[in-house]
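A short write-up of the structure that comes next.
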Amino acid sequence: MYEFDWSSIPGSLPFLWQGMMISLGITIVAVAAGIAWGTVLAVMRLSPSRPISLFATLYVSLFRSVPLVMVLLWFFLIVPSLLRDVLRLSHATDLRLASAMVGFSLFEAAYYSEIMRAGIQSVSKGQSSAALALGMTPLQAMWHVVLPQAFRNMVPLLLTQAIILFQDTSLVYVSALADFFGAAYKVGDRDGRLVEMLLFAGAVYFVLCSAASWGVRVLRRRVLA
Amino acid sequence: MDFGIFFSPVPTGETTYLGWLLQGLRTTIALSLASWVLALALGTLLGILRTVPNPGLRAFAGSYVELFRNVPLLVQLFVWYFVVPELAPGGHRFKQIDPFTQQFLASAACLGLFTAARVCEQVRAGIESLPRGQKNAGLALGLTLPQTYRYVLLPMAARLIVPPLTSETLNVFKNSAVCSTIGLLELTAQGRQLVDYTAHAYESFLAVTALYLLVNATIQLLMRAVESRARVPGYLGSRK
Amino acid sequence: MISLRNVHKSYGHVQVLNGCSAEIRKGEVIVVCGPSGSGKSTLIKCINGLEPIDRGEIVVEGVSVGARGTDLPKLRARVGMVFQHFELFPHMTVMDNLTLAQVKVLGRGADQARQKAGALLDRVGLREHAAKHPGQLSGGQQQRVAIARALALDPVCMLFDEPTSALDPEMINEVLDVMTALARDGMTMVVVTHEMGFARKVANRVVFMDQGCIVEQAPSAEFFAAPKSERAQQFLSKVLEH
């Protein structure tokens, strides 16, 4: 019978907390940037201009066809050296966090763009007709009338995707960046208490994500029903 | 960019770098198929359990879904690979199998059970989207509940959920890449090896990306064929 | 003010407008009527370019609607439109609905826009609802706000696409009253409607359409007393039976 020893946890809490801050930081940046860029992509896909809509379609299809791990590895292995050459930074600069944030944002934007595209199409055509009839340009109609409504309609899905993103931040493990999971693993490895730390990490994620999902369900019923 | 690198032999000499990539692809496909079979079987069962009258069974299946959806896949994988052999009876024997098999089994179990939670939700949605009258009609004819599921509800639900199952199939293939983190030499891991050994990062990543896109396109074509066979004439969404 | 010359339009294989021609002078009130599918809604949407035409020409105050260089947003700011389903913007208050286009399209200052909006709300009798959202208003109230929204841009003419068809019977009159007052003040109006009472009392001319063609045009008194074409006679007998 395995003998559990949870003593590693209390002492390492500050380190784990730092890791959690990184996880949350990446999540918030990637959600904000992902929704912004994803909305632009969605509007581009609906554009009457062939080259623009083609670019957006190809972008979304590409990022939805490849694993996130691969994209993160690509950003971890290739982009930093590329950026260093272009921006002439010293080799000591730690670009891991920045490249993780950029990689996540570009990847998640593809998923957010599909959500926003559905949202835009859920707004009745009469609304954009009315906006155009008032003399607004198509872009004005999109910005003032269609997007606010599309966004409101899609809030539950946008939040659910954010919860998934939060879970996915654990994948920065491949770049040895110490997010919450990476920190838990490091502590477990160092102290030889990997079993306890992994179970602890799992439990923390479970509690946080269940609570967040429950919150989204409540929001859906109360505010949007 | 030098694409000839793929045809150079690897340091140990038994194959080319392209051969390594293809080995990785083979592992990816094998892992995905094994996990998918497990996920379909278990997920269908759980999906049915979420719709039966018995509240205990429904709660059990519901808890399963909650657990496997609220813990990141990477964490689940590490638990299967590092924790389960320590805690489960017979775990010490598991640790004595060769590394590749250990990694493969842990990966298949993890990916299978993870995906089963998602399949469960699709099956549940499919069954719940059927008109209530269907179940009642089956029961009114004297069929037992299990028979009603088998002959009336499941055949229709199965056809309805082919499109969402297509995206789940693609997800399994993409999620298999996570298993590279415990050392399994699937496609992404081989890509990383190539970068380490050849220092030709761009070519390696382009090749790996191209292979994933190829797998993706193949699956979508296959599933479209399945979809057109599975369509029910006259039902919403069918074109006949 | 508005000229339609030989307008053709098709959706795929279906010919929706088949060589329609009409002249509308300043200050005229035109009612367009006909059986459903006759193309009347499509025709009115072509006047402000919401629907493109295949052949022919539409000229509004000297501006050709279909021409390549035409600034459509600018044109549409001068042509007001009221929709069957009101199409107020649900995420904005009534006041914001009225000021949005004034500020963003005409470039008016926010205060000036609000003043104008307030005056128009008075005109349609809904000033006290300015801070509400469209969802909190009845259908008749929403449509009156929609009329005010179109008037806020000081259009030279107003297009109405079945403005009362989506309203409960008891609310139809409040909207028709606003439209009647508008006509009395000299606004050029093109109204697609089934409300024959309004047509008889307020319209200068009636345009009858069937299957994409303008079958008959006549001053309204003439049209209702003695329609010349057989299809118009059939239509009137069915509609006026109530």
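Each chain carries a letter (A, B and C) given by its place in the written order, and its residues are counted from 1.
Quick note on the criterion: contacts are C-beta pairs under 8 Å (C-beta built on N, C-alpha and C of every residue); 3 or more make two chains touch, one makes a residue touch a chain.
These figures come from a predicted structure and were not determined experimentally.
Peer 1: May I ask you to sort the chain touch graph into line, ring, star, complete or other?
Peer 2: Its topology is that of a line.
Peer 1: Select, from all pairs of chains, the pair with the highest number of C-beta pairs in contact.
Peer 2: Counting C-beta pairs in contact per chain pair, the top pair is A-B.
Peer 1: On a CA-centroid basis, which chain has its centre farthest from chain B's?
Peer 2: Of all the other chains, the one whose centre lies farthest from chain B is C.
Peer 1: For which chain is the distance between its Cα centroid and the global protein Cα centroid smallest?
Peer 2: Ranked by how close its C-alpha centre lies to the overall one, first comes A.
Peer 1: Can you give the whole-Å distance between the Cα centres of chain A and chain B?
Peer 2: So the centroids are 22 Å from each other.
Peer 1: So the centre of each chain is just the mean of its C-alpha atoms; given that, what is the distance between chain B and chain C in Å?
Peer 2: Chain centroid spacing, chain B to chain C, equals 56 Å.
Peer 1: When the centre of a chain is set as the mean of its C-alpha atoms, what distance in Å lies between chain A and chain C?
Peer 2: Here the centre of chain C sits 46 Å away from the centre of chain A.
Peer 1: Contact residues on chain B for chain A in the complex?
Peer 2: The contact residues of chain B facing chain A are 66-67, 69-76, 78-79, 82-83, 86-87, 170, 174-178, 180-181, 188, 191-192, 195, 201-202, 205, 208-209, 212-213, 216.
Peer 1: For a test of understanding, state which residues of chain A touch chain C in their complex under the given definition.
Peer 2: Those in contact with chain C are residues 124, 126-127, 129-137, 140, 144-145, 148-149, 152.
Peer 1: Contact residues on chain A for chain B in the complex?
Peer 2: 2, 62, 65-70, 73-74, 77-78, 167-168, 170-171, 173-174, 181, 185, 194-195, 198-199, 201-202, 205-206, 209-210, 213
Peer 1: Flag every residue of chain C that touches chain A in the complex, lowest number first.
Peer 2: Interface residues on the chain C side: 45, 48, 50, 73-81, 83, 85, 87-91, 100-101, 104-106, 149-150, 153.
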